[in-house]
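After this come two complexes, each holding subunit A, first together with subunit B and then together with subunit C.
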Partner chain A sequence: MSNNPYSTPQVLSHQEGGRPLEVDRLHKNSGWRLYFQTVIARAYPRIIGQQREKSWLFFDILLPLLSVCAYVFVYRAIKAPEDYIGFVVVGGAMTAFWMNVLWSMSSQLYWEKEQGNLALYIMSPTSMMAVLLGMALGGLLATTLRALVIIVLGSLFFHVQYAVVSFVQLFAVFILAMFALYGLGMMAASLYLLLSREAWHISNLAQEPIYLFSGFYFPIKNFSFWISAISSIIPLTLGLDAMRQLVFKTGPSLGFVSVGVEILVLSILSVVFLFGARLMLAYMEKLAIREGRLTENRR
Partner chain B sequence: MQATDIQTTKKNIPLYLRSFRMAAWLGWQIESNWTDPFLFAIYSIIKPLAGAAILVVMYSVITSGDFASPIFSYIYLGNAFYMYVGAVMSGISWAVLDDREHYKTLKYMYVAPINIPAYLIGRGVAKFLVGSISVIITIVFGVLFLHVNVDPLAINWPLFLISLVIGIVMLAMMGLILAGISLLIVQHVWFIGDAVAGALFLFSGAIFPLEVLPVWLRPFGFIMPVTYWLELLRRSLVGRVAEAFPTLSALNNLQLIGILLGLSILFGIVAQFLFRYCEHIARERGLIDMVTNY
Partner chain C sequence: MNFAIRTEKLSRIYKIRGGKKSEPRTLVALNDINLEIRPGELFGLLGPNGAGKTTLIKILTTLLAPSTGHAWVAGYDVANEPDRVRPRINMVTGGETSGYGLLTVRENLWMFSQFYGLSSTVANQNIKHLLEVVGLSDRTNAKSSDLSTGLRQKMNIVRGFMTDPDVLFLDEPTLGLDVGASREVRHFIRSWVDDNPTRTLLLTTHYMVEADELCDRVAIINQGRVLACDSPANLKHNLQQDAIFHLEVSPFNGSLNSEKFEALPGVCNVVHRPQDGFESLDLILEEEHALAGVINTLNSANIRLLNLQKNEPTLEDVFVNLVGQSMEQIEQKGGTGEQ
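Then we have the complex of A and B:
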């Protein structure tokens, strides 16, 4: 017999004077159980679903790898020191995270609106923050796999030499940078609740300028102090700078500030962005409902 | 003959022109009317300048700002003109997915009295125009602030214009090939245009001489018309600076134009047949109005 509580035998039992229908229904979680259930449910398609579409896996790795190769050959053409090749490989791998935050976090609520899912999210008895956390968690895990593949392939193709100073600090920098980055993505997602057709263009615009100012392909120390400091609002700027200092021989001499300071700033950014995301989401959700933008579909 | 076949095979110049003109206007509206003209202009300028600035900073870091070196002009101009590749190719092929999946109007295009290939090429015009603005601004910025060696009085204008026109037609044909393939693929493979543009960026010597590539990868560059197109554009703008690089130094301008023209015609023929073939398959399988948004 089917386990579905709405299957025919149970409906019949109710009609025949059995237990009330409410008792036969599925158990419903609430509170923190529902919260974590939502996080896992939203992360699931990001981790499992995306791996099922093999073409996505292939192109998500190929496209950043093509850029990495092009920039590596530029450095080779101008006879740059070998560590710069490594900078490009690591920076190229980290572009996967920025792309994920931009297109699969920030823009996600806009896509959901376009497809008519956003109103369903809002109507459901769960928290939108849990939905965003699920997206972030799933996106982070799936993208980490892709970034690792890019680093491994890039390192093999171009014989990159690493000299890791501290694995503990490296792990801490990566985790903090990801917390802050995905916190920023969640904040941006709440802003995108209000956007319509312009969302695509804004995301498209936020690629190259961020690659430039965050120093994806070169050390940001080459900018003036204030440009580097302002760029540090994007967590990948300091995250990348710290990682380069920790894994390359010449890294420390090309670093913007010390790794300790960068870890401290990343910790602050993580807290600020995650807390800010919560506040902004609550505000923007109310605003979007008030202005009737949740179901808007301006094509 | 089926009614739908008439629209795409009829040899009717006014029909082609009308389809092209209306598609160009439509494409421009879609590209630009999401915001006010000022914001649109800012948007059109920032992205390409930031892309060029990445290369400028990379170059500056390693060479301590030796912008007078010929390799800088090579990299800068190659990168600037490469903007056309993504704009024209993706502009044409993306129109298929945009119309079929987003606006859901491709089926109406097929029952309208238009020529579909002309319509799709017209849809690429808006991106070509925006791309042209980006290319001009990038080059002017390079000349004014980065000592890119372009002297307007020394430019070989006939060579530049001929190369530019042949190149744009060639890119449009490559876009039509991708558009044909796009008729058969699902929406989530939207990145096919980016993938091809990325591969061409790597293999066509856009931002580094082909000699830098491993020997076994260089042949890919030599069969790509974009390689010859970019070389001609560089030669027309910076003359002997471009000829200093060994990749195509054995070939004179006329030979390069011949190769570019030959490859463009070849791609044009392939585009014509491949698009018709893909279109036929798409109709057979009922893909023209299929929404694959899963």
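Then we have the complex of A and C:
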């Protein structure tokens, strides 16, 4: 390390642990620069991992497409309006995000703990929120590619016709839905930190009900108002509903509430989930350090 | 006085949940630990598995809160000022599987460097240099999942050193490594400390040779308590006045046991290890004359003396003298501070 570019000589303040101590220290960024460095660094394995592990082509594209096919054939058999086919394709694409949040986001901190990474994250000077944001960003970017492939293939196979009302609103709805969804995932990740293997079961338990209540394959207007309203706590529900209203001719007539209201609710959900994730992460980290749960699974 | 690490009456008690009906048990992992480690020291914590070494490291690295007492690293309280401690430390654990198998060695190391705020240029420069030093430069672009245990540990070592910490914690860094890899790791650690005299290194190990070879000072720890703390030379010197013998004798076949020797006048400690076809006895005697009693006892039980050797004291002898048992015996019994 003799040729390291040491720069900032630093004087440690006097504390009970010792008198001032002069140390030539390697320059290290802090504050927002460290925060962004962390987000990018933690996103990196997810993005690169996707390129190196090709199994996602089967599990994340072919399998969702099979579900999409099943619903398309059912709708065609019952002679449902043609826009329903488009609803299913868009829903099928958005399931990729839910799967990513459920399996790669929520339970991620648990797996990081098992692997020994969590202790290294917490021990480092960076913010755990930045680590979680990095996971979310990496997952989001990698999943967006998967979702796009499903949309393109689904649209080509089933000749889906789109009639986009507003690209700006569509983009806004997508971004807000993702903020809220990954915020929810980050909150769940904090909760899972205290769980052991139960985390796996909880993810299993949550998968199918969310498919149903988010209306991945049908408009949620088919539910009663109150069931639709309660389902709206899941960010994908309103996100999907608003996107369908914005890209299909018959979308507005099948929408739950207006796009404007859905954008407002999604904005609120984004703030609540992201802020909640921050609070919960700080609380869980403190609790885990106090109880020794960061590296000790049996205690 | 400057201290890189200081602890004051530091204790950690775990509550272990039992079944639904049973009461939770307590495990005293650390009990009133007082340590003062100066900047630039390579300090060793020597003790058997379950002695409390890892618990102490976890507290000092802000991963675990102490139950009572205080600890400071680089002058900052680990419990109340973790944000000031963390930029100044790093840790490497033996046998750790950190990082992501799909990433290459360089990518994994770069990722961890970013969590410490190193610029990519400096990080890559440090990674390149350290990989060369530990002899891993030819695997820079190999996936970390393809590395053997020894190579993986070298990668972990680079991860710990590349951020140039003021205080570095090495928790059993040579655990699971073969003799050659262990020697290389030890050599690297010693030369890093020599090249960076302002940096402090806390090493935990249950390998006596490692502590003896590497450390400026050693604290011997057992059942959460520090039993002795001094340089390896001083610790051994205190035993120098005692006579230390290694005996190999014919099998006891139930006619003798170590208690009979311990009862003899002038015998301080006996470590008895049955071997294949003979018995091995390590004796610490108050004076050489006490050996006569041991020989007489063997003769009267018709046990033949196969080999007799007078030894210079080692850290193992120091440990046996302090604890009354060898580290191996404690680990076989699974001795912890559970209550």
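Couple of notes before you dig in:
FYI, the second predicted complex is superposed on the first by the 266 of 299 C-alpha atoms of A that agree within 3 Å, B and C clash if a C-alpha of one lies under 4 Å from a C-alpha of the other, contacts with A are read in each partner's own complex, and residues count from 1 in each chain.
Operating definition for what follows: a residue touches a chain if its C-beta (ideal position, glycine included) is under 8 Å from a C-beta of that chain, and two chains touch if they have at least 3 such contacts.
Since this is a predicted model, take the numbers as computed values, not measurements.
When both complexes are overlaid on chain A, the residue A:Arg52 reaches subunit C alone and has no touch with subunit B.
Of the two partner chains placed around the shared chain by superposition, neither subunit B nor subunit C is touched by A:Val168.
In the superposed three-chain model, the partner touching more residues of subunit A is C, compared with the other of subunit B and subunit C.
Touch criterion met: A:Pro209 reaches subunit B, while subunit C stays clear of it. In the superposed model, A:Gln115 lies in contact with both subunit B and subunit C. Once both structures are placed on chain A, subunit A residues 53, 115, 299 are touched by subunit B and, in the other complex, by subunit C.
Taken in their complex, subunit B has these residues touching subunit A: 34-35, 43, 46-48, 50-51, 53-55, 57-63, 71, 75, 102-103, 188-189, 191, 194-195, 198-199, 201-202, 206-209, 212-213, 293.
Note for the complex: subunit C touches subunit A at residues 1-6, 12, 14-17, 39, 58, 61-65, 70-77, 83, 86-87, 89-91, 93, 96-100, 102-103, 107, 110-112, 114-119, 122, 125-126, 129-130, 143, 161, 163-164, 166, 192, 195-196, 198. Looking at the complex, you find that subunit A touches subunit C at residues 1-6, 12-30, 33-34, 37-38, 40-42, 44-45, 48-49, 52-53, 115-117, 119-126, 131, 289-290, 292, 294-296, 298-299. Subunit A contributes residues 53, 55-56, 59, 62-63, 66-67, 69-71, 73-81, 84, 115, 197-198, 201, 204-205, 207-209, 211-212, 216-219, 222, 299 to its touches with subunit B in the complex.
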